[in-house]
Each structure stands twice: as structure tokens, then as C-alpha cells.
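Take a look at this one; I'll ask things after.
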Amino acid sequence: MSGNSIGKLFTVTSFGESHGPALGCIVDGCPPGLELSAADLQGDLDRRKPGTSRFTTQRREADEVRILSGVFEGKTTGTSIGMLIENTDQRSKDYSGIANTFRPAHADYSYNQKYGFRDYRGGGRSSARETAMRVAAGAIAKKYLLSRYGIEVRGYLAQLGPIRAQTLDWSLVETNPFFCPDADAIPKLEKYMTALNKEGNSIGARINVVASNVMPGLGEPIFDRLDADIAHAMMGINAVKGVEVGAGFDSIEQKGTEHRDLLTPEGFVGNNAGGVLGGISSGQDITVSIALKPTSSIRQPGATIDTQGQAMEMVTHGRHDPCVGIRATPIAEAMLAIVLMDHLLRHRGQNADVVCDTPAIPAARPE
Amino acid sequence: MSGNSIGKLFTVTSFGESHGPALGCIVDGCPPGLELSAADLQGDLDRRKPGTSRFTTQRREADEVRILSGVFEGKTTGTSIGMLIENTDQRSKDYSGIANTFRPAHADYSYNQKYGFRDYRGGGRSSARETAMRVAAGAIAKKYLLSRYGIEVRGYLAQLGPIRAQTLDWSLVETNPFFCPDADAIPKLEKYMTALNKEGNSIGARINVVASNVMPGLGEPIFDRLDADIAHAMMGINAVKGVEVGAGFDSIEQKGTEHRDLLTPEGFVGNNAGGVLGGISSGQDITVSIALKPTSSIRQPGATIDTQGQAMEMVTHGRHDPCVGIRATPIAEAMLAIVLMDHLLRHRGQNADVVCDTPAIPAARPE
Amino acid sequence: MSGNSIGKLFTVTSFGESHGPALGCIVDGCPPGLELSAADLQGDLDRRKPGTSRFTTQRREADEVRILSGVFEGKTTGTSIGMLIENTDQRSKDYSGIANTFRPAHADYSYNQKYGFRDYRGGGRSSARETAMRVAAGAIAKKYLLSRYGIEVRGYLAQLGPIRAQTLDWSLVETNPFFCPDADAIPKLEKYMTALNKEGNSIGARINVVASNVMPGLGEPIFDRLDADIAHAMMGINAVKGVEVGAGFDSIEQKGTEHRDLLTPEGFVGNNAGGVLGGISSGQDITVSIALKPTSSIRQPGATIDTQGQAMEMVTHGRHDPCVGIRATPIAEAMLAIVLMDHLLRHRGQNADVVCDTPAIPAARPE
Amino acid sequence: MSGNSIGKLFTVTSFGESHGPALGCIVDGCPPGLELSAADLQGDLDRRKPGTSRFTTQRREADEVRILSGVFEGKTTGTSIGMLIENTDQRSKDYSGIANTFRPAHADYSYNQKYGFRDYRGGGRSSARETAMRVAAGAIAKKYLLSRYGIEVRGYLAQLGPIRAQTLDWSLVETNPFFCPDADAIPKLEKYMTALNKEGNSIGARINVVASNVMPGLGEPIFDRLDADIAHAMMGINAVKGVEVGAGFDSIEQKGTEHRDLLTPEGFVGNNAGGVLGGISSGQDITVSIALKPTSSIRQPGATIDTQGQAMEMVTHGRHDPCVGIRATPIAEAMLAIVLMDHLLRHRGQNADVVCDTPAIPAARPE
């Protein structure tokens, strides 16, 4: 399939540009009988939407989603689910200045070289605005996983520039605009972001996502491993430059005796695996960490070229997030949920009649 | 497709277990007219194969590949290429002891839970032995990319446990068993590995891969981004726990002014992007870095459970690599080449460079 | 991918039910630079739409399509094209009577057994109403094929019940509500359909589709043969029960000397192949013929069961086409165009004809 | 994926040419725990293999298949199954004469135009020799379908040239070299084929395939309908020019009252649907009929062109089937089994938790 689809049995296909009339997607393969309405999706859409705090872009979008098909009498029918979000706050004039130039670190240049020209308004298809539909699709997966299997997918901001969350208090995540789980870090973040805005600069971030209560057995070796498909989905999020599962890059300096998670009848000892062994879920929590680069649109001038290849200097105006990571938590959750959903359906398909005599052990041994 | 295929136009599908009679794969979509023989593949296979130094498993495999189809009179025909490698040095008795137990950090438990039982001989399908076919397939992609487009894919060991390569001298990489590009690091690696073997332990590693001379335009937004498919291919390699493109996790602490690669008519200034902007190649070098966990098979005892769920302690015997990273360089190169090849064809088609001497005849002869 | 997508590089994914708020589809993989507007699609949509003559359903739908993405400044950008058609003339009450029964020869029963329940309004997803989006997507393919390669895709009604078109006058096809190419047959068709309506019955039909000026080389052996993918696309049209390419079922009684199309420098002698040899286009016209069953919704009573499995008798009310074949010509053209487009891209890539005025800059600026 | 794969969850990928060293395929997605050995496949391979009667090609091939992976201790493991058949009776000299010419009605010309050159030995990849692997893969599907669900897939020769089977006696099918179910037709077939051989000509045929005891619910609307995927699989068999499901082309002249299969608690009345309603299996028998063209290789001379486009006359020597239809029955069975298997897995994946209150009715009402 072409590049705007993800998933093999639970397939999400999307369309829409930053400044087009609307964004939309089709969720194909959702099992029938799931109670679903737009209200089930709006919560995550509101968590992602812009303009909710002074630390994100001031573009105002209601991001109200309409479900156009696939739901009848309040339940999914098993047919494809069409969803639509109208764009309401485009200001194309903001971007007219960049029609003939390439913003450094943006997709402007690569899109232009690939397609011969580009929709320059707000980055067109390459804008993170597109991620709204991912969140809507992911919310369907999240609801199914939780209601049918008790699988919960949650994320948080683990680091922003130099500021790390030192503690993980899930109850805090939804109480601050950063999705930060550490009470001490929140005022530091506010202070840092205020200074950054004054500076007209941007900063990178780290988001962690966790899926708990995942049954063992999800993942299709050898290429469509669960962790491989998670890496694909995560690296496909705008601005992501790195993906880790479990111990991730710390594994480089670990010895086998440190890294291996021992098995006991009471549960796994540790989770360096991040919930995946040999590309198949182990029953441990799926733990994923991603690195997001600093926003490329900043007010500080930089060298670039125009569409004729001539050197020039430019400043990016318009409304931008100084840290794309701040709004990335719901997006990362959505992508992880979509991948788990797809693998759940694939696993059921091939292995519906499997009987396993070995009891599954708990995700983790109690301390 | 099911999980043993990768790529959409340049598709590699593989089979084979550690202790089965043979490994094989089918490369589908290779453009016609490429001069190809087994000799073109053997070089990379020899770089990966076991038993070439005292720092890798002592299992002896010639890894001689046979091409069974898709090549005629020394050139690829455009039809599917079947390849086969016979296993010659299985010692299943080595593994009989683990038939009823799960080796910690191995795929034994997850395969068992997914499929209800497993081929326990050397990990069966989950063994890294399978990667031999990836290297053979990747060698086809490497030859096409280099001969047709001058695209070169190369890798090296960047770190092993605490030992980092401080310099990058490509001329050294093939001269030592570690694929290490730093002369000073090589004796340290030998000393470290010797001690590690005595200890009966294992260690992680970092491999870097670079593709140079890649044209701009490869990658299919928004889900099949080039970097997303690279992440999928890399995380799908045995023991890989993390993938970075360009600045990777360093992006977290970078500001926009540091991270962005400015454009000048003379070229890009820096390469924090790792050659990918908005999921599409920019013409910069594609730079990828991966983290490999320490080998799970070590001689030190560890707690685990048996297939009845009962607690027990086990020691892994048999022949194993103390650092899987040492042999991972050719595998990572192969996977990057496969992804680039697939995206090149998606961008330009399988037969865009075909020259046909036979004139096409009219649809129908005039009455 | 799941079942609502067709095509691998030129991919059409659709959603929508007969009585939902809207129908939509996403066309992914359309090459950039094609001049496109809704007006280009409306012509074929109008050819398919209901209520244009007294021989089709009296449901009134404007079938006005909106293009929501993928087109900028009048040209396709190479990104996914979202399209939407609002439903305007639903009358769900017409269907309330069948909520608990299964209309014979309809998808009611099979959908119910597959999904556990169904959207019974007008057949929900199984309604031919869905084909409007196929026609919109096909119109994009038709425009590209014709404008870039001079490939023309045309169809006509070859037979309706006992009435056969004896002559093929392309100039007549668009001048009558049946897409009939035989002047003598048209009055017979009117007479026959008038009587059929009185009888409250329905009838089958045969549609022929021809693609001319197709270059040799399209089709991917051995499974994705061009004719195999054509058969898939055609049999996937509502009510189609048979597909032929070239001589089709007449081949059964042909000898090799009769069937084979000889090759001469002036062209092929005959076209029993239907333009496909070994699954690859030969340069002859692609000729396809399909059989459509009579509409299942008729006013004559018939035995069936209710959702409890109890026997009952039912009559189908509501507004229906007495011959679905009458409106099937534009649908069959659309599906053939979509398949040709997909294979053209697989053969030559999405962007093979892109011209980029911006020179590529070097990978890195010299130090 | 590229063209040598079929199926989405149960995926068959194949390689091999008529005169290469071997044919092979990979079956990916087979559920674990199925008892399987080469002996399970050899039966169908022997039914297809050449040289078993004087009415087929005299090429001698044992067609002995080896299973190289995916089976452990006599049961499938759920991993990919690699299979290999060595070619033993190639006589390339037979074909040297056609290196520079195109055999009429063969794939020689279309392959040459697509790929720029071709493996001319026996048609290379386009040879029906390739179908041996389809039969091996289909035998796995047949065994799973029958042993797990009682689904039986059977076929027979319905017509050869002018000779039709007038009766259907399943017990006769395996007792004659034609797979003919009509005792009276067998001597006519022998007489006809003997005369045809003398004449140096070839003839077409019709094969019917039936799948019985199929549960309702298989098929993924709207594009991957069960009948659409069956059409794809059948039209993809060498020499097939037409595919019908149920009433097929007879539907053209049927009225709704004739065509519709009424539903009763005792079963369906008739089977014009061929077991598929709205693209989803209904529980009726799946009935498929295909038309095969006469063999293109005949001893009578015919006009053609050479690779320089010059006119010439040629005669096809070598060993050929005078009627490819004679050996096509096991191939058609295999393809139908593969499609059913794939859709069974896809259905289980999406709908594993569906509860349907409506009891399934029998395939057919007793007379």
C-alpha cells in the first residue's frame, strides 16, 4: 500500500494538509460491536489540540471530529470508519513568504525534490497538524484494548531539554500542560519555556509510553516483530529522531547478567526487555521512549536557499510550538495503541485455536 | 503480508531455523539486468558468518549461498530470486536440556505462549542464524544501489560495553574482527572480550550505519517515511533495543538553532537530520545508530521457570557469541540497503531503467 | 491491508453506507503535477448517479464530490487525496421493515453472520451506493492515463437479459440511458425494461470494458498478473458473478490454431488474449467482459428467515434499480482504470515523470 | 508486496523457472500445531505432475517436495514454511531455437518488453511448471481447512473442447487422467485427445471447483470480497481467461425471481450465489468455474516476429500438454484453498469475539 496507511488488519489511512479544508482518516478493520461515538475520541483530541496553554502554538482549532461511517446504533459495524475534522483557523498569509524558500530542518526541500513542487502553506502534508487524525484513530484502538482486554496505554513527558522528570506520578500527568509526572519539574518547565519563547528558540524532548496488561504472544517474527512495528510507528511521528524499547541504548553498556529479566512464577524480575522478547510480547509492560527534535520553525534567522538554489537568509514567522514534544504524548499513545491493536488482530487470526499449557506469569514480581 | 516479509516493491521473504536443514529467502522485485552471481553475496556472508575469530561463536558454518532462480545468463531477470543456505553444523544435543525450560531474555517463553509450543533447538526461528539470509538479500540491494546510483552503505562498531571508537577510519573497519574503525580501541576490545569470555558473561554494543550519495526524494509520508521504515528494519534485527537517525537522542537537549542543518548552495551545514527531512531523504548522508543488547545466552546461572510454570535455575551451555554486536555490522548494512532499495523502487518503479531493443508492435494489424 | 483498500502503489480506500451522512475515499499514490479539480470527477459521477432515467432507481442524489486534500493550486501534490460525497436523499423508514429479516440474495444474512449484526438501512456498506467513490477515484486514474499516456478506458452495455448489442458504435454509448452501442437495441431495451418494471422483477446484464493504447509491460507475475488484478477488481463490483478477459469462456472450445494471436511487424492478428500474455500487457487492447446478476430487490414476494431463524415471506419495497447493469458501465471503467494505474506505477514508480527545477545541493558543505 | 506473493495472513511466495535448478515457495502464516509432513503434499503434487498419462507432456518430473522449515516434531510451529522441488528433467536444447523469437500467444513477447530480455528456456518464470509450488502450498491449506473445520475443496474437468461432463460422480474423478466425473465422457475424451495429438493442435477446457462446509462470514468487503479474491487467484493461473462464481454468466439472462436463492430454516433453496453474498460466504457451497485457453505451444506453424521485430514463421517443438486444462484441477483446488485459508485467518482476526444470535442455516435445503 502507499505511504498514508499503517497497520495490516487494523489499518489507518489518512489525508489532509495544515491549511486545506479538512483532515480525515479511515479506520479499517475495527472489530464490530464496540460502543463508539465522537465523544470517545474528543478527549484525546483535546489533549493534543493547539492553543490550550501559552507553551504551545496559538493557532486555535476546535479539532471536532465527526464519525461518518462504520458506526450504527452506537456500535461499530465492522466496516470502515470514516472520520473528518474541518480546519477552521488557517492563515495562509502567514506562510506566503516561504513559497519560494526552504525552511531549514523542515520538509520543504525534501518534498520539493521528491514531488517537483509543494503545498507550502504551513508545511502542507508534512505539518504535525496531520497527527490529529492519528489521535482520533488511536482513541478507537485504546477504547477497544481497554474495554475488551484491560490493556492500558499511557504516556508522559520524561525530559524537556535539560529538565528531567525524576519521579513518575501518573496522577499528575493530566494536571499540567506538559504531561509531566514530576511535581518538582513543572515550575522548572514553565520557567524554561518562558525564557525559550523570549529567546525565539525551540527545544527537544523525550516522551515515554507504557502499555500495561498486554497478553503474551503479540508480534510476528521475523520482520513484523512487535518492537519493529512500534519503532516504525514511533519514528513516523513528526520530529522523532530516536526510539527505544525497554533498556534501549543503556543496553550497550549492560552485561548479560544485568540485562536479562529472570523469570519466576511470581513474575518477571525487572523489565529491560520492555515487554518484548524475540519480537513477541512477553506479558511485561511494553515500555517505549522516543526523542523529539526541537521545532524547526524558530524566530532566529538562518541561512537557506530559494527554489532557484540561490543562497538567502530567512526567519520563520507564523504560529509554532516552541517544543513539539509538549503535545506529543497523546500522539505517541495513539501510535502505540494502533500497533498493539493491529498485532492483536493478526495474532487472533493466525493463532485463534492455539492451546498453551504453560500458565502466563505476571508482568513483574512484587518487590 | 505475514511477518516474514519486508519491503513493498523490493520484498524479502525468508524461512529457516537454527537447526533445520536449511535457511532460504526470496527476493522479489529486483530490477532486471543486474549482473549477479553467488560470489556477489558471499563476501558479506563471510563477514557475518560465525567462527571467524575467537570472539564469536565457535559454530562452524560455511554459509555458502546458492541462487536458485531469477538469474539467467548472469543477469537478474526481474522475476523472484530464490536463495538457499544449507545448515551444516547443527548440534541439537547441545540444546536438548532446554526443551522444557525458558532461557531468560530469550524468545523461548514468548514463542511458547504465542504458538503453544516451540522448536527449542538453538532458539529455532528466533535464532540470529536467520540473519544470514538478510545479509544475502541485502547484498543484492547493495550491489544495485552502488552500481546504478553510486549509493554506498557501510557500517562499523561504534561502541562495545564501555569501549567507544573515538575516531572513524573506514580503512580499518575490515581489518579487525570487530569492524572497529579506531586503531587504539582494537587492543582494548581484544582484552575486554578475553576477560568477558573467562567470566562467562556477555555485553552490549552500538553499531553505526551510513548510506552516502543517496538522492533526495526517497520516503513515503506520512507513515512509510524513510526513517520510519529504517527504524522498523533495524529494530527487527535480533537483540536491537534502540534506533537513532541523525542526532537521535541528543536532539532532546538541542535547541532549534543547534539542531537545524542550514542549507547553502555548497551543501548542508551539518547533519543532525541524519539525511531525512519530513520522512524523505534530503541528499545528506543517511546516518543510523543502533543499540544491541548483550547476548542472553551466558554461562552464569539464572532463575527461570519450566514449561509447567515451576521455578528452576538454569545455565545456558552451547556455543554463543559473547557479544552479538560484533557480527551485527553486515546485518545492519543489509537492512539499510533493503529499505533504501524498496523506497527507490517505490519512488521510481521496478523497471524505470529497463532498455528494450525490441520495438513494440501495434495493438492490431490493419484489416 | 484490510478489505476497504485496493491497489498497492495507487491505493484507493473507501468508507460509507447507503444511509450514513456521507461517502468518502482516499486516493493514495497519485503522481504529483496532475491538473485536477472536482469538475474532472463530476462527469463520471453523473454518468453513474441514480434517478437520471425512468429505468433506474428514483432515489435522488446529486453525488457532488468535494476534494479535501492532495491538490494545491490546481495540481495534485503527490500526497493523499481525500474526497467526500454527502448523502442527501436517505429515507430510512423505507427500510425499517427489514431490520429483523434477511432479503434473499442480499448481503443481509452474510453480513449478519460475519459481524453479529448489521446496518440494515439500504444494505448499509453492502449497498451499491458505495460505488460512487470508486467512480470518483477511477476518474483520477482515467485522467492521468489519458493525459500522460493516451490510454483510454471505455465501456458499454453488451447485453441485458435476452437483448444483445449486435454492433459497436462508440458514438452512441453516451446518447442513451443504457450505455448501449447498438441503435437497433435501444428501443428494445426501453420496451423490455418497461415491461419488467410492471412485472416488479429484475434482470441481469453484461458490460464490456476496453482499454486502448496500453503499453506492453504492465502486470506482475506470477500472482499479481494484470488480468488477475483486473478479475479481482471486477468481481469486487456489486452483483458481478463472472469476469472474462479476451476470448474468455469461448476459449474452452477453441483450438490453439484459432486462439493464438499471431505477431506481425504490422501488429497482432486478432485479440483472443484480451491484451494480456502471461499476465503482462501485450500492447493489444485490454478487453474485459463482466456478468451482473439481476437486482435482488424486487417487488415479488419470496421466502426467507428472520433474525431468529424463523421462516417468513417478504416483499422488498423501497427504490431500486431493476437492472444494476444499467449503471455499471462507469463503475467497470473506473475499476479497470484503477488497476491499470496501479500497475503502471508498480512498473515505473510514482514519481518517474517528475521534473524538479531546483538543483539538488551537495550532501555536506566542504569544511 | 511484489507480484510473487498471494494472501495477506496466509501468504504464499514462490520462485523458480521451468529450467532452473529448483522451484520453491514460502508459506507464511500457517497456524501452529498442524500435523504436517511432505507426504501430506505429495498426493496433490502427484495429481498435477506431468508424464502420468499419454495425454499430458512427456516431461518426467518426480516433483518430490522437501519441507525445509516451519515444522518441528511433525507439527507446524507457526513460523514460515520453506519448501523446495528440484527440477530433474530439463532439456534446454529443446528451446534454444526460440531464443530470438516470440512464440505466439506465449508470454515471450510481453516478458521481453517488460524486462528487456527473458529466460527463454521453456518460458522461464511464465511456465506452468511454477504451479507445482502452488499445489504444495494449497495442500497445506486443504489439510488445515479439512482437519480443523471440515471444509472440503474438490474440483473436476467440466468440459474439454466440445465434450461436456453431463453428470457429476465424484467417485470417478480420481479414476481417470482427465479428472472427469462422467463415465460416458471419458472414452470420448480419449478419442478426442488422440486425434488432437495427431493433428499437432491443442484445445481449451473448463474446470469446476467446489468448497463445501464453509462457514458463513468469510470475505472482507468491499474490495477484498471472497469472490473477488477467488477471481484474483483463479485468473492468476496460467492460461485462465475467465472466472465464474455461482450462476456466473448465466446471470445475464436470469430474472431476479430465478436468480435469488431463497432462505428457509432447512437451508438455502438453490445456489445461484455460488456461496457468496455481498462478498461474504453464506454457508452455501462455494462454486467456481474457470475457462482455460488451449495450449499455445503447438506443432502447427504460425507467423511471429523475432527479437529485432522482423517477421518470421515458427513451429513450437519440445514437450507440451495438448490441453493444459487436464492438469489444472489440482491447481484450481489449491488456489481456492489458499484464498479460503487466508480469509479464514483474516475473519478470525477481526471477528474472534463476535457473538451471532442468528443460527446458521444449512448449505442447501434437502430436495
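The first chain written gets the first letter, and so on, giving A, B, C and D; residue counts start at 1 in each chain.
Simple rule for what comes next: contacts are C-beta pairs under 8 Å (C-beta built on N, C-alpha and C of every residue); 3 or more make two chains touch, one makes a residue touch a chain.
These are the chains along with the protein names UniProt gives them: A, B, C, D = Chorismate synthase.
The structure displayed is predicted, hence computed values, not measured ones.
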Between A-C and A-D, name the chain pair that shares the greater number of C-beta pairs in contact. A-C
Where does the C-D interface recur among A-B, B-C or B-D, taking recurrence as more than half of the contact pairs being identical by residue number? A-B
Would you kindly tell me how far, in whole Å, the mean C-alpha position of chain B lies from that of chain A? 26
Rounded to the nearest whole Å, what is the centre-to-centre distance of chain A and chain C, using the mean of the C-alpha atoms as each centre? 37
Provide the C-alpha centroid distance between chain A and chain D, rounded to the nearest whole angstrom. 44
Multi-partner residues of chain A (each touching 2 or more other chains): 1-5, 8-9, 14, 29, 32-33, 78-79, 109, 113-114, 125, 221, 305, 309, 346-347, 350-351, 354
What residues of chain B sit close enough to touch chain D in their complex? 1-5, 7-11, 13-17, 20-24, 26, 28-29, 32-33, 66, 68-70, 72, 75, 77-82, 84, 114-119, 121, 124-125, 350-351, 354-361
Of chain D, residues touching chain A in the complex: 8-9, 29-33, 78-79, 148, 221, 345-354
Contacts from chain A onto chain B in the complex sit at residues 1-6, 8, 12, 14, 102, 104-107, 109-111, 113-114, 123, 125-126, 130, 159-162, 196, 201-206, 216-225, 227-236, 238, 241-265, 269, 272-274, 276-283, 291-298, 300, 302-305, 309-311, 346-347, 350-351, 354-361
Going by the contact rule set out above, which residues of chain C touch chain B in the complex? 8-9, 79, 212-213, 215-217, 221, 263-271, 275, 283-285, 345-352, 360-366
